[in-house]
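Shared between the two complexes below is chain A, which pairs with chain B and chain C, respectively.
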Partner chain A sequence: MPVQGIKAVTTARNGVGAFILQCKRLDFHYCDWAGSSRGMVAFLKHKLPAIAKENPQIEIRVSPRPHRHPVIKGQYINGREKAICVRNLEPEQIVNKVSLLKEASGEKLKRIKKPVSSINESVRGIWSPFHGEYKGI
Partner chain B sequence: MFSRSALARSLAVSEQLCTRPSVTRIQASSSPLRSAAASFHQKSYAAQQATQTTPPSSSASSSAPFTPPTTSTTSTTSTTQTTQQTKIPPPPQFTTPLKASESLLETLPHLAAQRPHFLTALIHDRPYLITEGDSVRLPFLMAGVEPGDVLRLNRASVLGSREFSLKGAPFVDERLFECRVRVMGVDAEPLRIKEKTKRRNRHVQRVTSKHRYTLLRVMEVRVKGVEELREEGVDVVKE
Partner chain C sequence: MKRLQLLRWSSSALSARARAGVRLQQNIYRGARYQTTVSPAAQSENDQLADEQTFPPHFSSNPQQSKYALPSPPVEAARESAKLAALHARLYLPSRLPLETLARSLVDASADPNPNFNNESLATLGHDLLTYYTSEHLLCTYPRLPLTVIFAAMYAYVGPKTLTAMAREWGVDWAAAPGGEVDPGLLQFQRLLPGTELNSEGATMRPNAHQKSWRKSVTSRIVYDNEYGEQSTTQSLADAQGAQGGVSFERANATFVRALMGSIYLHAGRPAAKRFFEQHFLSRHLNISELFNFSQPARDLSRLCARENFEPPVAKIISETGRKSRHPVFIVGIFSGKDKLGEGSGASLLEARSRAAVAALKGWYLYSPLNVRVPSSTEEEGAAPWKPVHVDLGEVIV
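Entry: the complex of A and B
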């Protein structure tokens, strides 16, 4: 019998019991003067209050960033940040970008080929030649 | 019809939806309070009814539990009701009770008692072998769901444990098990660039694609016991 390490009692798996949205904060940066922020300013005036009310679990910060293109930055629970430049976009397009940031997991984008990933032990166990009944050839 | 347990009724789906080989939306919510109450859906509903029936001013609305509170109710009750107001799925409309052979009822306790279980769930006719706690990235973007929603997968081909498995022909009856998944969000793949060339031509066309996928987390995989099936009503078929 090989030496076995002490097993962890539980592993945190979001969503199995309680669910916590991964996006914790959204930063909106805009410029009052520049034309590329026109859609962003309209978004902040007319669309953002409703979005903030719908998503009380997300902290929302709005701050000017003069002489720069408008940017939305999402902060995630895993510590990563996702930034989207929204220059020259209409308010409706910015709403789509906000929902993208909200629904994202914060992980780096990866190409995944297998749909199911599991940390559980195999339910059926590993096949052993020394167990089970003898099957004649 | 036949009697069903309260939890099963709260999570069950209509027959029209069952005939489609996909999932059924259980609850539409994104706020943490509502999603935390998802697994105790029936309880939250009962609590909602209790809050409505306790104040005397809203006694008129107790007969119709989903009407919004009247203006005479206090602001605290109205806030709790707006946060707990959830979409309750239509109850299932099974025309015939579950049919099970005697041998199935004899051997099912062995399977139900041996945990953990695995399940080959089918979504759009594609199999996903899942256990409790797994995360699934569907190969498509599921429409009409938000992060935090709870779905119940009602189509499975194999149900099993370490030593026993129940194979459907071709599907296991959805009243024999419960499998719920949580919508975690939307993931995207890295931008793919495919270079297309024509012969004897220097021009290279670059086609880009970036698909989006729905992330799920398996909350529960449970095989119902014989007593539970008997409570819900089962027709024993003699072989």
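Entry: the complex of A and C
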């Protein structure tokens, strides 16, 4: 057998072909009685239908959680969850929190030091001391 | 990689008319034998293929009570599932693909044996489409790839492992157990029982298949084995289903992705299916030069040069350092006459030479013509006439 094939699996590059939004579900928990949920209740009544219409790729669940502060939880494709407590927030502030959860990748936050990261090898190549003419000093 | 006639196949997957066919159509046979809505003529043909099986009819009169009796969610539940609508939107599926079909493609044959409600026929069509598009892409883009590497690349693009990873990356969740009351946005399949033998080998047409120690030539793998150059296991798993009633997680996910491809083709047409393939499958990263495993590259290269009437390859040291030190480095080039075919570095002369030979062979095998077109691109309306692509002699035979 002159040459054998090695089994491999292709790696995903989200956004190169199709883009899959990583946030797959948003859970909204609120309380009907408590004052800290006042902004959340107004948000659910007036803002949420438009947001749900804009983002059909996110499953949205609304459920009461009596005697607790209001919480938004985002479920992500990588299996992680992000929760934000929105007590005493105005509806406009909650909209910002929702867009934060929507745009998150679900990964843990980490500091990115290099501006570009790529799986392609460098076009220029790596400098080699063994090639090229000898330059006398 | 035979020329496939997809339009005819899609009709057979829908109406389940059986035809005397080749190895690739054996799935259609299995789907066809359960059908009850075929014409009498086709029915009589089917009787010869396999004995009839009857299934309890789906109830729809009283959904609240009968929901728990159903093996898979009722059709009308698809419109009420938020998960299903979200999945449809997340994948940017065409609006012509209804939610009901998406729900059907999530039901495995192990969950619902009724072929009118499971994804088996869709998966058969989708599998044929996926392998056809992938193989034409590979053969036209890299006309000189050895066949074993083509098998490996096919496995990497549309193999079950990749399809499973894709289903996970699409955010498809699975139900713990199938049933009529389950959300139709979840993948439904019957789990394998613990301790089930997974790698049971199925029936094959290969003569002397019981001789495990005999060498399998590449040519025989084209004829007898599946598109990944492996012995096909579909038949054996179907038998296992009958006995134990379950499929592996990987197989259920792969079947779902194939069924989705088939349903896009049926509902939205060929251009949409091809776009979906390019965006989700071809856009994934695969470095084909890492799929080669040479055993004797220098010998292969000399055979290749003899076949192509090049001058015999000669290895020459281009540069070296520290020959007598603990860490010597040699840069060796392989020359055919005045042309440098390849170059490699290593800690010994032999290592550097074999790396140079590997580089030369990869340079030959990974040749890719510019502005390559695939045969299916001529199927679009107003497409330019087909110009033949480069067809190579093939790999060297040692």
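Everything below uses one rule, namely that the second predicted complex is superposed on the first by the 117 of 137 C-alpha atoms of A that agree within 3 Å, B and C clash if a C-alpha of one lies under 4 Å from a C-alpha of the other, contacts with A are read in each partner's own complex, and residues count from 1 in each chain.
Please note the rule applied: a residue touches a chain if its C-beta (ideal position, glycine included) is under 8 Å from a C-beta of that chain, and two chains touch if they have at least 3 such contacts.
Being a predicted model, the structure only gives us computed values, none of them experimental.
Colleague: So, A:117: does it touch chain B (first), chain C (second), both, or neither?
Modeller: first
Colleague: Which partner does A:21 contact after superposing on A: first (chain B), second (chain C), both, neither?
Modeller: Both chain B and chain C are touched by A:21.
Colleague: Going by the contact rule set out at the top, does A:13 touch chain B (first), chain C (second), both, or neither?
Modeller: both
Colleague: Between chain B (first) and chain C (second), which, if any, makes contact with A:107: first, second, both or neither?
Modeller: After superposition on chain A, A:107 lies in contact with chain B alone.
Colleague: Once the structures are superposed on A, label A:125 by its partner contacts, choosing first (chain B), second (chain C), both or neither.
Modeller: first
Colleague: Should A:4 be classified as contacting the first partner (chain B), the second (chain C), both, or neither?
Modeller: second
Colleague: Given the touch rule stated above, what does A:57 touch, chain B (first), chain C (second), both, or neither?
Modeller: both
Colleague: Output the chain A positions appearing in both contact lists, the one against chain B and the one against chain C.
Modeller: Looking at chain A, the two contact sets intersect at 13-14, 16-18, 20-21, 56-57, 119.
Colleague: Could you list, by residue number, the parts of chain A that touch chain B in their complex?
Modeller: Going through chain A, the ones touching chain B are 13-22, 54-57, 100, 102-105, 107, 109-112, 115-120, 123-125.
Colleague: Spell out the residues on chain B that touch chain A in their complex, using ranges where they run on.
Modeller: 30-32, 35-36, 38-39, 116-118, 128-139, 146-148, 160-162, 182, 184-190, 215, 217-219
Colleague: Spell out the residues on chain C that touch chain A in their complex, using ranges where they run on.
Modeller: Where chain C meets chain A, its residues are 82-83, 85-86, 88-92, 146, 148-153, 155-157, 159, 161-162, 165-166, 168-171, 218, 229, 278-286, 290-296, 300, 318-321, 329, 331, 345, 361, 365, 395-398.
Colleague: Would you pull the chain A residues touching chain C in the complex into a rising list?
Modeller: Listed in rising order, the residues are 1-14, 16-18, 20-21, 24-25, 56-61, 77, 119, 130-131.
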